[in-house]
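Note that chain A is present in both complexes that follow, paired respectively with chain B and with chain C.
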Partner chain A sequence: MPEITLTQAPAHIRMGSSIGQPLTRREGVLKTTGAARFAADNHPPGMVYAALAVSSIARGRVTALNVAAAMAHPGVIEVMTPKNAPKLALDPDAKNNPFMFRLDLLQNDRVRYANQPIAVVVADTLEAATEGVALLEPQYEAEPARTGLDSDDSFAPAAVGAGSPAEESHGDITAGLAAASVRMEAVYDTPAQYHNAMEPHAIVAAWDGDTLSIDTPSQGMAMAQARIAGLFGIAPEGIHIRSPFLGGGFGSKGLFSGPQVLGIMAARLVGRPVKLVLRREQMFGPVGHRAPTRQTLRMGADGQGALTALSHHTKTASSTFDDFFEPAANASHALYASPAIATSHEVVRIDTGTPLFMRAPGEAPGSAALESAIDEMALACGMDPLAFRLKNYAEMEPISGKPFSSKALRQCYEQGAERFGWAKRPQAPRQMQDEAGMLVGWGMGTAVFPALMFQGQARAMLRQDGTGVVETGAHDMGQGAWTALAQIAADSLGLDLDRIEFRSGTSDLPDAGIAGGSAHTATVGTAIHGAGADVIGKLADLAMDDERSPLFGAGNAGVIARGGRLHRRDDDGRSESYADILARAGLAEIEGRGTGAIDPAAQAAYAMHAHGAVFAEVKVDPDFGQVRVTRLVGAFAAGTVVNPRMVRSQYYGGMIWGVSFALHEHAVMDKRSGRLMNPNLAEYYVPVNADVPSIEAILVEERDIHVNALGIKGVGEIGVTGTAGAIANAVWHATGVRVRSFPITLDQLLDA
Partner chain B sequence: MSLSITLTINGAERAITLDDPRITLLDLLRERLDLTGTKKGCDRGQCGACTVLVDGRRVNSCLTLALSHDGADILTIEGVAQGATAGEPLHPVQAAFIAHDGFQCGFCTPGQIMSAIGMIQEGQAGNDPERVREAMSGNLCRCGAYVGITEAVLDAQRSMAETEAASGRRNAA
Partner chain C sequence: MNRFEYARPATLAEAVAAGAVPGAAYLAAGTNLMDLMKGGVMRPGHLVDISRLPGLDRIERLGDGGVRIGALVRNADLAYDTDFARRFPSVAEALLSGASAQLRNAATAGGNLLQRTRCTYFYDTASACNKRDPGTGCDALGGENRLHAVLGWSEHCIATHPSDFCVPLTALDAVVEVEGPKGRRDIPLENFHLLPGSTPERETVLEHSELITAVRLPAEAARFAANARYLKVRERTSYAFAVVSAAAALRLEGGMVAEARIALGGVALKPWRARAAEAELAGARPEPVTFRRAAEAALADAKPSGDNGFKIELARRIIVRTLTLAAAGTPERMPALPASPFSGAITHA
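Our next item is the complex of A and B:
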């Protein structure tokens, strides 16, 4: 039996073709009735509660913990500290591959960032565990914290992001700038940001000998299994992870985090199942964030507004003990044609938790700076911002010279501009006011995100009754995997959606890789497509080789799978049902497998990206500088749309993250202590409903025959790009003030 | 101090003996009564994921002690349309959230739905999307499903008003 049963009967099914239909979410009833069981909703028999104690200093060591006081509190079972924490089979500071990040797991008393775990209290109740933490009263030997981007001892990393070169170039920047008749140089700052999924990281862990059962949200169950297996010296097959629903991920649940491991260690220490849930403020430290950046853009253009040089340099911060470098400058690789492009990165180390992948890593801050700079350059050239972007439209990928596998960006510009009414925009700033006297401004930005694929597997089966089963350990963090992948699964087997069972969300299913990089649907969808095709191929062989079948001898003409039957391709009237073929062959079922991965030949030949154009209207209070986004129109082209309802929601969500980037999010570090001063949802601003205006997302048609068999690009992250810049540009258009430090706050507009 | 209280939860009266006076209403529901539909997002009243109705009022259940509600009537997401997972009809707000894709990950959704039901019952927002957005702004959604949420609330409000009007006509006849 599958562990998750979805009860919602899908709507709008069209016979034989589920892909492209706007089905509602198959887990919709579970999620709207409270029946969807997220990790922290589990409560195995005998379970006890763990609460995390975290450091209030950013650098130094813990010299004392009042363990006796905590232990004396009624209900407290154990206090896990470096003195009694289970020893691990692998040093948590070991780095055997670039995706293995160093973890703080109570193996010593060292503190390397504020909010680092320093102890775990386990108790019969959550209240007792929480009180136990308060009683620990940690004492520290603190050292001065290193903070901020200003430090001089920066270095050039070898690689940035997920292994991209830190420096890339083509053409001669110096010559390009020298030849330019218009030049600009500007510096843009973006702050540290924290993912803040609504669901805090949580784990319910239960040991049985050397096997381990875990409920935890994961964007990559197989990677998590491998990480846990390494740390505890147990077999990955003995680790069963259930992650049917993530309460949001945004990258923060891609790599198994330290607190999740601590929950497993606590369960081992006390010999009982343990639940550990991070408190909101503890999400600001040990589970990753987006690093701050300071980006320098330099551009030159000739008298007609054609770029002659584009240089993008990023200074960013990482932790003192690990390597993740926000690849923001790489946002300039794929968008605007220029005979010379140079991108580079430098890093300072500060006392912070290690920054990691956060929705559109690199692209989000990089796009905010690049799109602002392009707007400034358009102004310097005396051109409309859209006309300037079209003038510098890239017909080949600028950094590599490769042709695009597909690129409907022109259509995005056209349809978005038309819908928004861009043609009526006055070129000069401060030209528009509404009836209430608010300054009105219009701005735009281009969106781009690479069409990535990782590795994923799927298994498909046809059963004797003609129904199908498709299995893959995919992850649904809200993007709609339960629905979109099931749609692909139904089509892959030529069955209606209600004739297949789609199993997902647990680690005992085929490895679906990682839900990140906007690549999950493309990767796992391709794997499912292949698994279905494998089954149908075997079934067709059975029928075509059997002279009792109406399909006998179809041979080269082949067959088509549709509605639970195979049809002769050259004679649709000759067909046979799956059930009949299987029954005659005496088979209970046929199984097939598929793999999803990028085609290396296609990747070598083509540049693959999704594109979009975002148009924003803002209103700015002329007295107080308060900015409201009042209208957003995005037009995006990302290949095949599996489910337009869910794709539109992804674009909306991404664009709202763009609003958030432009106007809200800002983790403020105390320069004296290295502590964050706003680690909560009241002071770390994210948009609320009233911040979100009228939003439209236009799904621009695009077919791509190179990216993968289904033509799918990703949609999860692209909406963040383009939007932040569009809003910054609209703020300039409303006020005449160019704010180069994100988020754009009213104090920066008061002199307007 | 007596740690025994009586609560009516989702229509059923329950005598509850608390093992600790510090238990919030949220932790009572989640950790002791297996009503885990109500979510904990911040435990500080900043995100709204824990919203339930107490005597018809929207309350952040993380910010209130269970002991202080002796005799209260509590409605949680599980009580909104009991039997819905077994095929019984959904509440109009739940159905509208599905139809308008008013959620992605679903973690904030129970709180959103309870806020919406409370707001509609209070007659707070009428048909004005701006007022709906404002009234729903105590419930954060990090996925950014606000467009669908606003549409869903307006749609549910309309369909509930129509149903009420129709039943009013029937009663009058």
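Our next item is the complex of A and C:
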């Protein structure tokens, strides 16, 4: 692959530090000119095309495939079925850790969900492979599909999400409710949703003996390496992954998926490089989704509107063969102070692909329900929704009692409300109309997302010419890693951005961990910061120990790295360039390493979250119930803002996802067959431009000295939280109708 | 993609001859047919590409004041034809409320009439569908059917016709010109599409190999220009098919309705001309009580085919609103969001 040539920011816009500057995306020109090479753009010599055949039943067995017909089609090279699929070194149903998800890799004829892969056709052309799939005409022995959340055959899981306890509580809920003078109980439904990244899962795989070269979009290259190594019984170091750009991931590309493995298996079977790209409808099954939820909220409050109890129970669904449980109830852990909080989960198993992490897993549906319920409770208490939230503002994390590492939520409320004009909101519903007679409503929601960190590594180098190199196998999903991490890299070495080379996006670089949990910039940024500090420390030692250096003997006073020179901290006039120091030491380069990871002591002592407040205006047609969001104002505090342009973009994207959650997204499953009935972007609605209103994102100043050395919390997912609830609350305020089933569709508002 | 023969005849006569082959399908812009072929819903053995046939891409003003819209006129070209839009504003508004700008730049007038239903069970080849595979049954019945038909459906098929364009055309007495092996004939659009009955696979009165050459609007249709609207309620603000839509056109004389035209979209397997509603309005004062009476008449025979009972009251309300808008007069300029209840620019309370 040719070197990725990113735009270099001119040094003059630095104004002292790269961190904090609103640089444009450094890969922007590549992407807008089509030069950026995404996984499916690769065509190694001799490459052939694979197409996936998927099941049209949700449960049963494949009894026959017309392999002969497919093989007879001109151009078809091979049909991979359970009969001839390469044997794997590891049972794909083995689960050695909670993040090892069971995969359907043609090891048997069983069907566990609709759109499950049942064969792969490899051909000289995509067209021939596609027709080969059509010619397979699978026969099935079908069993009745188990669908929907209504089943009583549910169970309480041991853990939810990424391993949180499924039940948590503090205080006495029963006593809290009994003591309350105001109570509410309501049930909220959220539908199954599918990630639908613009770029479908794709892989180009090429074997050379037991080494493997693959182009594929990944949010976690090292985990993918380990997964592939285990399945094929090869060394992780023999697997080279290139994933410079993702056309969106949203969680669906975090863990290596079955179809990606099938591409590798097909390449092994035919002995040639193979490309496999999922069709849009095939993304509705084998690559994860957000499970549906039914959430029961119960609250009590005293005469002054202070919560006395908050109970949040979630019923959700998972597949019949694996364990991922949407942790929606945990959205009530960190936000509202209550002397009694209880959260719990129950699960029904249905014939579906295994649900997975999807942008704000748990938090997104949990927040939609919680923020709706808080609005209902504020009304029951006769209070303004913002006043009610402030009344129940948590000074300590409610579920744990820990202090917050930082929390500027109060400022988010203030600045958001001010900008939105919240003070003019009438408390009763149906009070506002526009000149065209549309009902107008204002609603709000609180946003919260944990400040997480995973493990990540980085390597930094200074070269004798005074330039720097920073390397880390980070993942740019579109969020701006190529830009934000390079900004951190430049500062870590005390260099202008155009004096460093930032290398990323391949698996031969230091493991940057997983791009998920809104934690990538915090994790990898901390690793880069450490690597840069390591290099500068070594450089400073060279200079301070050398009597020929103007920095000799700086000792305890120390030095500062800036603009390619080290300066004596107590005498700025005494300095020396990196190049001179290295030259005198006779070193071509000097290397340092850094690790990013949570500080366990800080984590034990503090609750760490990003916060925000989202204010929404909607208009609703009084006769038709058609809803349009006309204004969104979000104010967010998430620690250090590395690049305000990228951060705003993340908030906008998150809030638009909130519009989608509130009004549009809904995977429709036929209850009888278990088939998805709208597996395409014409019928699976997401907002179009005309649905996206004026959006403002306010970046609220927040310094956090506990989360990590750079004070970064993460911004990728928080925008989804708060927004869906704010819109639902605005719809209520416009119409007086409380819709508790998402998405809010017009038929639910016709009686307004 | 299935294997098929491809022909691109040079003349209309050649096209009609080529279309006579069993299993042949005409291809114009392909905005619907290509999707259906990719999904394995339609597998025609022969594609007759008519997209470059001469003379079918013109908008002709006829001597009597009517207009002939060539079958290959692109949706966008028709909607942005100033003279056409001024004289048939509800048709232009309907066109601009459909699909996306990219699709409107490609999709043709004739193809719009022949687009297939959006019933998801029709598209899902693993589902039973009498329209796709006659005699297999209808999985939409008892399935996910909140958007299905409330008028004219049968137990064999509860799908709807998705066109916006056809709704005002039907209201305005458009005529479809077709060319076939037996020569040319005119078919009133109101009679062009068929209700499902027991043969939902038969969607129009076209005989095999008959080709739409034009759609004609009579001169009288332009007499409604001052009071003609199209309104479309949908589940997102743009790029969505109608949940229910309505075209209303009024001829007002001396403060009274001299003549009214009403048609509904999204309620049946054909654009639904509401003649009973029109009769309620003729000679009446254009006021809410009359409009409501018309709406009741239009939906008198409606019944839910599933979880879609809400569409009946929704259709009534849309009729009332569209009549109200039509009575208020066609706007000078096309709204920024054509046919949307939200007229366009966002204003704040």
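Annotations
We take it that the second predicted complex is superposed on the first by the 741 of 752 C-alpha atoms of A that agree within 3 Å, B and C clash if a C-alpha of one lies under 4 Å from a C-alpha of the other, contacts with A are read in each partner's own complex, and residues count from 1 in each chain.
Going forward, contacts are C-beta pairs under 8 Å (C-beta built on N, C-alpha and C of every residue); 3 or more make two chains touch, one makes a residue touch a chain.
Given the structure is predicted, the values throughout are model-derived calculations rather than measurements.
When the two structures are aligned on the shared chain, A:Arg672 is found in touch with chain C, with no touch to chain B.
In the superposition on chain A, A:Glu127 makes contact with both chain B and chain C.
Of the two partner chains placed around the shared chain by superposition, neither chain B nor chain C is touched by A:Ala605.
Legend: residue contacts after superposition of the two complexes on their common chain; A:Ala436 is shown touching chain C, with no touch to chain B. By the document's definition of touching, of the two partners only chain B reaches A:Ser649; chain C does not.
Legend: residue contacts after superposition of the two complexes on their common chain; A:Arg280 is shown touching chain B, with no touch to chain C.
Shared-chain residue A:Ala690: touches chain B and chain C both.
By the touch criterion defined above, A:Ala387 lies against neither chain B nor chain C after alignment on the C-alpha atoms of chain A.
Touch counts on chain A: comparing chain C and chain B, the chain ahead is B. Where the contact sets of chain A with chain B and with chain C meet, they give residues 127, 131, 682, 687-691. By the touch criterion given at the top, residues 56-57, 127, 130-131, 134, 432-436, 438, 440, 617, 619, 621, 623-624, 626, 628, 630-631, 663-664, 668, 670-673, 675, 677-678, 682-683, 685, 687-691, 693-694, 745-747, 750 of chain A touch chain C in their complex.
Here chain A touches chain B in the complex through residues 7-8, 24-25, 27-38, 40-41, 43, 49, 75, 125-128, 131, 196-200, 245-250, 277, 279-280, 476-480, 645-646, 648-650, 652-657, 680-682, 686-692, 695, going by the rule given at the top. The touching residues of chain C, when paired with chain A in their complex, are 1-3, 40, 118, 120-121, 124-127, 139, 142-144, 146, 233-240, 243, 310, 313-314, 317-318, 320-321, 337, 341-343, 346-349.
In the complex of the two chains, the chain B residues touching chain A come out as 19-20, 22-23, 27, 30-31, 34-44, 46-47, 49, 76-78, 80-81, 84-85, 87, 90, 94-95, 97-99, 101, 103-110, 113, 130, 132-134, 136-150.
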